[in-house]
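One chain, chain A, links the two complexes that follow: it is found with chain B in the first and with chain C in the second.
Up next, the complex of A and B:
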């Protein structure tokens, strides 16, 4: 069947309209610091039956619904788009980073999958009516799918958000990336099995046990053998063949082959191309130039075609079910944020950083859409659930950056003296020796923060014995590093003053006890210099010392900032 | 209509098989110094009904003939491939180079189109049966088509050949490129009109007069207004939008729009995208990085899909008609080589260089295939003519580099003394003054090369009067630059010797008259130093002087080389 002249005109016109709107909305969203992909999906909803199709059905139909041939050709391109997108996604995964994860990253990854998966699976299995199950026979598969849908994280969106927030290269950024990659990998394996299970009902798949065996066999084969072959072949291909033509072809040939294989065994093409992408991206011989050509062409030409096509399929208003959407949203947030944050917290991070990681991992973006599209095509979910999934993907992705930003600001604030001051740990003491004041401060801290007094006291005294912590202008900062998660500050005001062996021989009247986490030496330095810088005017310090209670003291200190 | 799992498997598998064979044969042809595109077309013939379809019809059918959906999807991709290929071809055209052509380039361009067009048109109009016309009502359109088909030159293949021969940056290379670009532009305009004429017969096109008006209007609009808008917008887009995503989208949106417009008015999509490509490529603001991403992705992924698809359509053995193929081949060679060579010769180049240009412009490669495919799709030509066109494109492209190389070697040889020696211009003189010998040499040369004796003599004497041309070791080289096309050499042996005011005071016995083209000062220097270097052993010179006739002298000189 070939395309008529009218078909070709419409086909090319619709491609340019799709790219135009995708870019327009993409840039609009980038402008308000949101991932471009969100704009692309919204462009599709606007061009699709939801908006254009409702307001101008004639225009919509003549552009996107003209003839079966155009639709099939567009489907072919869209398929190629998503296959290439997954190839790029695979190439971006750093396998060695995934394999040598730190304790925290493993905790985040595992809980970040297990918890949302359990939340999703149990909710969907026991209360399927709230999540829009249409065919009761599919309850188990549906529950598995919901679990997977909740536990997925969109690596490209996460990476983009981390870059926008300028924490891509930080410790937290690294942890999120490592966990998200692991997440992606495990998520797709589970989903491929779910797809295989659907395939069984429709009869065009291997028996489940063989399927799992084949999937795992395929992964091992590609990630071990093919990966090695790629790594050995790349230098040869780059040297002997036209560059970059040879290596570009090599990558796409392998990718399409992997895709064809997994499609053949009854799970979707994108799983195969994704795994092949990982094997390719892992080679140290893959040149940046090649990576860049594929990345730019695919993310800017093919990925938008796919993302816009989502909105073209469905009327989002007609199939909007507030209950299902709300349930998916709530489960998604609870599952992912709680799971990942708990993993981070148990892995040893403080509450604030744990929440940054939780919300960082919450973006479902591109990957959820891919997953939802497949489930919809396979008939596992209906329009309502699909719409709910897309909205959930959009909301989790859009909310990620602002919420992370909120906690990042808090994290920065944690590193300044005034925000750590608490009236409960400010004492007005009449002690008349250094040891007594320190003892009082340690008791206060130990009581308020549930710490062992002896441990605190010993640490502080050990530090105090090596060198006196008296500064100038009535200020003294006894301090210690301890195995705590968050920095702790306590203040003692001794109006009569205590000798603290200061540079300027003035007695210490404003005494700050500073306890910082053992594993973050930089925090101690930062706070010591922060305090020394802020308290450099003896008049102001005397004014603070003159405070009649903790509240007034905190007020006066905050004035300095 | 959506693709089933089997469709998707086959679709992806066929894509990877196509890319694999395209790359394999492409590299094979590159290895034997042929354009990669030849290998890609041959890969298609092998994968198509000609070889695979005949030997293993099962494999062929299951790969490329499985279901209508797969075929339609593949057609969509192939269409996108050829549209993108023409976009890249357009971008590569340097409009300002075309507009400020030298006299020679204009002569080459014009004759390089007019001559083959006339040859093709007249042959096809008066002897259509030898060129495979199937529908006698279409004789005029068919003749116009054959004219266009013969006058087209494949810019990308030409550029590739020039690079391989390392003359891309030379004067000849520049001339060929400028002429080929002009050729491409005019060729496509003519062809778009031919397509419009076919469209009229099938009824889905504007009346011819309006069509020509619209085509010219479209070209003026795009090449003047849109080109300016692009040039103004590019810096803005590159600065404000994501780079290179924004500019990549901009280029493809414009390209697809142009393509959709020309398809809409009844000529093919690729004409519009080609013109838009020219307008884009002309902007100084288009960055190399952007150009490279588009170029590499399109030429390595999409172009091969198109070129391989050629062979997939047709059985080349079944539809091979020796008469039609021979006629097309002969007309193609005669038309293009004679036309371009004449243009170059009349433009003032020598025979040898004119032939280099003629054969350089003879490559039909990619563009002929695009043209033939369209004519075939529009029903203007049948399988036999299509096969003849493809074979003609292959043979003209394959023969181009070796034949050019032959004449390039000759051109280099022209620049060495021994190859310019002719027994007719070697005299054994008994003159006893410098003036007499020079007079004798000039007479010989004037007679043999049909030059005016007085002009030659005056020029040589003028040079001789400024400074004596006597070298050491019996050698003297009187010389002049004149308005001639090729270098001319004559030799006089004066066994008794003549005083020539030499450095070593030895009398001149071996006197070389050297006339070089006025506009090539470097040739004179090259030859003077060449002769001085070779004749530096007095024993050898005396041996040559002792020659008893011209034949022996030439033999002895050649021994030195």
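Up next, the complex of A and C:
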């Protein structure tokens, strides 16, 4: 079977149309601060039978259904897309991070999988008709699949959201990333077992017990032995072969080999490539630069081909079943948000911050689509369920950022100067010595937060005696670490200024008292640097000093953020 | 006082004498006590060997006390540390051990991980002990981290060190993934630079809070894997003493298999290593 000249023309033409639309809609969605992948999926729906196929069936058929050969070629490319996508997913899992998580992260990870999985499994097992089960013999496998589909989290979408909300490098960001990585790992293992079980029903796979055995054996082999070999070979390859060509080839060769092997033994190809990806990504010798090149290459060329192809196969309007779609949506939200939030709450976070984690982990994005596509190809789910899954993936991904943003405004774990300012602890003082202002500030804080004035005052003065806390440009930040639970900030404005022994010899006018918990020394540094950074322009400080009352001051400070 | 009592396990290996000389040098430098530990049978032969060693090192018999221990070397040394209130244990170690030894654990590595007090590991003891000239301290913003900086700073001043560097590593897991969805390396690069500046600021403030005076210091913030980045920095910089704050930890086989943090440093020592413990 070979491609005729027409086939080749059409094939290449359709590829360029797919990429053109993928990029166009991707950029559009990026512009409105949404994940690019959402735009790509929507581009597919527009190019597919849903819109183009209905309005201009001729154009649609000649582009994407020209001949069997072209369809096969397109399928081959999209398979390659999925395999590469999973390679990247594996590489981005930081194994050592997953293995040494803090108590909270473990709680989030575990409940974030167990809870949605149980919700999905039980609903699908006992009420399969509401979730669109077509073949009753497959009830158990179907229930396992729904459980997995609900418990998956899309790491790339999560990462993007955290970056957009500027909490990637924060305690919450770190927790979400660690939990999402663990989630990915466990999710794909369960899904491989489910895929193996489907294969069993059609009679070309191993029995279940040996399947589990093979999966675990393969993981141990790759994650221990192959990982060591990769770790030893990478420095050699990077030194001796051309860079980045040599190392890129090495990675893809290993990935494809792993994929071929697992496909051969009856688990899907994606499992092998995913595990190999983890082994590669764990090596300290893999340069950040190499990672980025792989990501660029895969996500800008192959991933869009795959995501657009989703829409090319199915008519989304014809197969839209409002009942199934709403059941999936409700279950998805309940499962993931409740599960992860409970985990975070159980791990000791407050209600608001737990909800940030819950909604942060709710994005299903790309990974759900991969899962759904494979289940659809294997005949486990029909068009209606597939459409419901895609919509669920889109809705959970789009809603994640705005909802998180809402709770972030009230978050305790995200520390910044402006979020800690309280009008009750802002004073306009006429004191004329450093000691008097500090006394006044300590009194205000002690009264408002129910603390012992002497303890607060002694701690602050003790710190003040070592070296002056006067910074530049009228700013002074007296501070102390104390046995308190949450950080406390108070502000004094002294219009006439007080000598604070500052670097630039300017009198202090804007005085910030900063009290942080003694068991978290880093919080103090973070806030000190945050304040110093925001007020490095003397005009800003003069503007703040000119405030008439606390309300105006808070307003002006918030303008800076 | 930086350290009150120095402990050294004496061995009759080629490194035995140089290590003893180093311990004596540091005893004088810190003005501290010295406790020598020997694990093995106490008989006339070993006694004369020890006396021989002490004579060669040139230390008067009442300047130290000698403890005899029997049994598993690592466990016995750790027991002696607790019994004798030793707060700095000196040991020699190879820079890198072979694979089998790494997984089974050598005496030196076990001490590094599990000793309840601070440990000084000397990698290449010369016949005559030399001063440490280039200090590099790995900083975390914990209380132990502060102690580590203060102690090593005093140490560096006593040595008249020519270089004192504070290194702070910061890790941002999954950073490359953000390239994945936007397809833009520029955005990621920009964030990386912002975080770098933020960490440098924090490090500056950290050092300022500790009020370090008397010796110039340099600050370095590194983005990358904990343990691994600092180790490579020290190696490339050519420092001769690397200081790391670390709590004692019984290492499981699992941790060795999936290395992290201090294990990167312990498995391939970049130079002599001082582990600071409470």
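The rule we apply is simple: the second predicted complex is superposed on the first by the 411 of 561 C-alpha atoms of A that agree within 3 Å, B and C clash if a C-alpha of one lies under 4 Å from a C-alpha of the other, contacts with A are read in each partner's own complex, and residues count from 1 in each chain.
Keep in mind that, in the parts below, a contact is a pair of C-beta atoms (placed from the backbone, for glycine too) under 8 Å apart; a residue touches a chain by one contact, two chains touch by 3 or more.
Keep in mind that what you see is a predicted model, and the values were worked out from it rather than measured.
Once chain A of one complex is fitted onto chain A of the other, the partner contacts of A:63 are absent, as it touches neither chain B nor chain C. By the touch criterion defined above, A:300 lies against chain B and chain C together after alignment on the C-alpha atoms of chain A.
Of the two partner chains placed by superposition, only chain B is touched by A:253; chain C is not. Judged by the touch definition given at the top, the superposed model places A:20 against chain B, while chain C stays out of reach.
With both structures placed on the common chain, the touch criterion links A:278 to neither chain B nor chain C.
Using the contact criterion defined above for the overlaid structures, shared-chain residue A:533 touches chain C, although it does not reach chain B.
When the shared chain is aligned, chain B comes close enough to touch A:12, but chain C does not.
Set side by side, chain B and chain C differ in how many residues of chain A they touch, and the one touching more is B.
Contact with chain B, but none with chain C, is seen for A:245 once the two complexes are overlaid on the shared chain. By the touch criterion defined above, A:266 lies against chain B but remains apart from chain C after alignment on the C-alpha atoms of chain A. Within chain A, the residues touching chain B in one complex and chain C in the other are 26, 30, 36, 292, 296, 299-300.
Across the complex, chain A is touched by residues 141-143, 145-146, 172-183, 185, 187-188, 191, 195, 198, 201-202, 205-206, 208, 211, 225, 228, 254, 257-260, 264 of chain C. For chain B in complex with chain A, the touching residues are 1-3, 5, 8-13, 15-16, 19-20, 22-23, 26-27, 30, 36, 68-69, 71-77, 79-80, 83, 199, 204, 240-242, 244-246, 248-250, 252-257, 259-260, 263-264, 266, 269, 292-294, 296-297, 299-301, 304, 377.
Contact residues on chain A toward chain C in their complex (touch as defined above): 26, 30, 35-37, 88, 92, 94-97, 99-100, 155-157, 159-160, 163, 168-169, 174, 177-178, 181, 224, 282, 284, 288, 291-292, 295-296, 299-300, 466-467, 521-522, 525-526, 528-529, 532-533.
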